[in-house]
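Take this structure first; my questions come after.
Which chain is which? They are A, B, C and D, in the order written, and residues in each are numbered from 1.
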Amino acid sequence: MTVKLTNAQIAWRAAQDIQDGAYVNLGIGFPEMVAKFKPKGREVIYHTENGVLDFGEAPPAGEEDWDLINAGKKAVTLNPGASFFNHADSFAMVRGGHLDVAILGAYEVAENGDLANWSTGPKSVPAVGGAMDLVHGAKRVCVITDHVTKDGKPKLVERCALPLTGVGCVTTVYTSLAVVEIIDKRFVLREKLPSISMEDLQAVTGAKLVVEGACKDLIVPEV
Amino acid sequence: MNKITPSIEDAIAGITDGMTVMIGGFGGSGAPIELIDALVARYKATGSPGRLTVINNNAGNGAVGIAAMIYADMVAKMVCSFPRSTDSRAFTERYQAGEIELELVPQGTLAERIRAGGAGIPAFYTPTSFGTDIAKGKPVAEFDGRSYVQERWLKADVAIIKAELADRKGNLTYNKAARNFAPLMAMAAEKTIVQARQVVEPGAIDPEHVVTPGIFVDMVVEIADAKQEEALLREAALVKEGAGA
Amino acid sequence: MTVKLTNAQIAWRAAQDIQDGAYVNLGIGFPEMVAKFKPKGREVIYHTENGVLDFGEAPPAGEEDWDLINAGKKAVTLNPGASFFNHADSFAMVRGGHLDVAILGAYEVAENGDLANWSTGPKSVPAVGGAMDLVHGAKRVCVITDHVTKDGKPKLVERCALPLTGVGCVTTVYTSLAVVEIIDKRFVLREKLPSISMEDLQAVTGAKLVVEGACKDLIVPEV
Amino acid sequence: MNKITPSIEDAIAGITDGMTVMIGGFGGSGAPIELIDALVARYKATGSPGRLTVINNNAGNGAVGIAAMIYADMVAKMVCSFPRSTDSRAFTERYQAGEIELELVPQGTLAERIRAGGAGIPAFYTPTSFGTDIAKGKPVAEFDGRSYVQERWLKADVAIIKAELADRKGNLTYNKAARNFAPLMAMAAEKTIVQARQVVEPGAIDPEHVVTPGIFVDMVVEIADAKQEEALLREAALVKEGAGA
């Protein structure tokens, strides 16, 4: 099983499902990459927890305004129609269900929609940020992740072993091998790489993959 | 993304029987008269939308705005803090005849419940109304030795509000004290329909000055010369005085 | 007992206790009169529930802007340094304890600080407005009122008979005959008109008036 | 009424041992560096104010701002959502040595708790953290079939924040995303101390554009050329790189 999507390709695939006019929050790090692959012709409005709506790309090096940053503390620019607001209003947008899509990374996703993405255990300094709010706000809570850990262990599991970020909150998982929706506490397989068999995919997945209707080929260009 | 709708009828087309409708304004300031007029006209022409629950600080004054909706028998229930006004005959008549339901909410609690609806907070505690008739039947709790009443969020199917400037992305400013409940209602409604005095290009409103970010807005109709409810009431009073003299 | 303060004189007396730099909310109607008697040299900032801070006097007739009104729906003007905000922020100022003084009218005030000022019973259309919030927000909650009802019945009572606006909330009562503070659920008499005897004052008061230290003469100019 | 204080030392004079201090800023944007520097200088000179509880989204970065307070051993407890940063050595060292306490709060809950403190709401329910370790020991309740966690308000003795414009009545604007927690902290603290880039006459800020009304502000110091925390950190990193080369 040497064939799998790169992180960029996973981000590309997730980006295809973001509709024109969507309000989107991209988590810090890998999820930020999704913005690069917005399909042409679609207008997407990005929200960041620290109180900016409709921000744009990073400014050229040397032109940063460090009072104009995103939640990852990276400098950003503004699109026409941007707005600033305080943190309570920002999380009213999140918690109040006003975002269409939130995209986050994951350590583990369970078939019941539970997500673990904030703590690998009691050793490190705990830090949760806005993830616990984001998973309960957006209409679609999407995870992008490698299908397995660096050690080859499944990240899609029956029950999360790590500390939870949220209960029953994930709607879609985009992995390096497949696209999986969580429906009625089951992993419903929507797409898989054509190069991997159902058996091999199930073997690296920690919970049952259900096929309902068609399972399409997961086809992603080189990006 | 273009939230501008040229037709006021199209803007309100999604409002149907039995819906809960938040209407911006405090007294006459901020009342979206043209949107209300279009609703009343549609009801008179088609019999819909009726049986509405209307959320507003007041319950109409004279014969315009919410009072016109009440006179047209479109309103089954009012949720408000102050249904008495200088001339709140429409509501008073229907209420005393048992034809309209009233949920009386203290003004600050009304504002906070609407904000809570918009912010995903299903319930909160407030000192307001503790020990009064308004608190009857509501859960109470003590925090740090003081007693509080639990209040629930308020949401709506639709909010209709009046703004000053708007852009195609739905960013809004307001005019002076006409702001009042509008930014909260825009957050708490499934769909927010705005009548704005002027539509401007995105970016024309300084990002520092946006009061309601576009994420809370669904449709915008430009009404350049909007009526002002208080001005209408005063005109009507003058006409009446003249007629009486 | 024909000598008593006029409403204007009660308002004047209440105004004397508003300190320089105070943030003040004046209830609709009679309490609005207090603004007229602000002592010279003091800067007072008025708050109105509908989202204006630091408003000024009424504009000349014909120059009203009906989008610039107070909670009584009267047209006002702005002082330099005024601000607009939404209703939730406005009541955050109230409920959050940021106002120094709120002045309200009353049907009844009880010695335990209970206030009844919103409903005279089940016959009328009930309307509460912002009073229930105001009585639990301001640092000082002051009532201005005639000492007795039009029928001559006491308005300062042992327990309110009318529906309550708030429990244990009133701090000071300015009446047509006296100034009374509520301390530890007792009416503590601070000032009374020199022309009325303690006995006569007690006779028109529905609960015991306690004197602690000096009871000063209530002296108010013709206004 | 004049809330302008010429001396930064006078402005912070009321901050004493054991106080709870809210500090504006998200990462480096909005960090009131000069107010913090003055606090650290006073602590180093006098041993006070120490044993502080600091409320901020983060727990300091590099050796400036809150990190400088932690290095100076002024901070007994941090209340924050994200104490890990690119270079959060100061906090990490003290935390792993058991020398500093941490109350970890999800970011949206942190914002809402501070707003609740300012708005007189002693407790509210949020879906955030339900079923997680963060919710352990907190009351839970079900509303409309969904489970929520009860969270309490957060208040402080003092807030120190950074603003863009200020007038003598305390009205404030902010610069871009430096707004973040500052308007909430101004509401939730007993005393709010502001460093503003520029002091202007009352009325110079349009009443429509005031972000924090003066009622929430106690003292303002004008700091025209304030340091920017992120810029300081990048300068420090460059110096270090240079030294290492």
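Just a few scattered comments:
Note that in this section contacts are C-beta pairs under 8 Å (C-beta built on N, C-alpha and C of every residue); 3 or more make two chains touch, one makes a residue touch a chain.
This structure is a prediction, so every number in the text was calculated from the model and none was measured.
Greatest Cα centroid separation from chain C: this falls to A.
Chain pairs C-D and A-D differ in how many C-beta pairs they share in contact, with the greater number at A-D. Mean C-alpha position of chain B lies 36 Å from that of chain D.
As a whole-number value, the distance joining the C-alpha centres of chain A and chain D reads 29 Å.
Rounded to whole angstrom, the centroid-to-centroid distance between chain A and chain C, based on C-alpha atoms, equals 55 Å. Each of residues 84-85, 88, 91, 94-95, 136 in chain C touches at least two other chains. Of all residues in chain B, those touching 2 or more other chains are 112, 115, 119-121, 126-127, 174, 176, 207-208, 211, listed in ascending order.
Pairwise chain contacts in this structure: A-B, A-D, B-C, B-D, C-D. Chain contact summary for the complex, chain A toward chain D: residues 48-52, 65-69, 71, 73, 84-88, 90-91, 94-95, 114, 119, 124-133, 136, 163-167.
Within the complex formed with chain C, the residues of chain D that make contact are 1, 115, 117-121, 167-169, 171, 187-188, 201-203, 207-208, 210, 213-216.
By the touch criterion given at the top, residues 20-21, 23, 43, 45, 47, 53-54, 78-85, 88-89, 91-99, 136-137 of chain C touch chain D in their complex.
Contact residues of chain D toward chain B in the complex are 112, 116, 119-127, 141, 143-144, 146, 148, 152, 173-174, 176, 207-209, 211. Only residues 26-30, 57, 81-86, 88, 91-92, 95-96, 102, 104-112, 114-115, 126-134, 147, 174-184, 211, 228-231 of chain B touch chain C when the two sit together in their complex.
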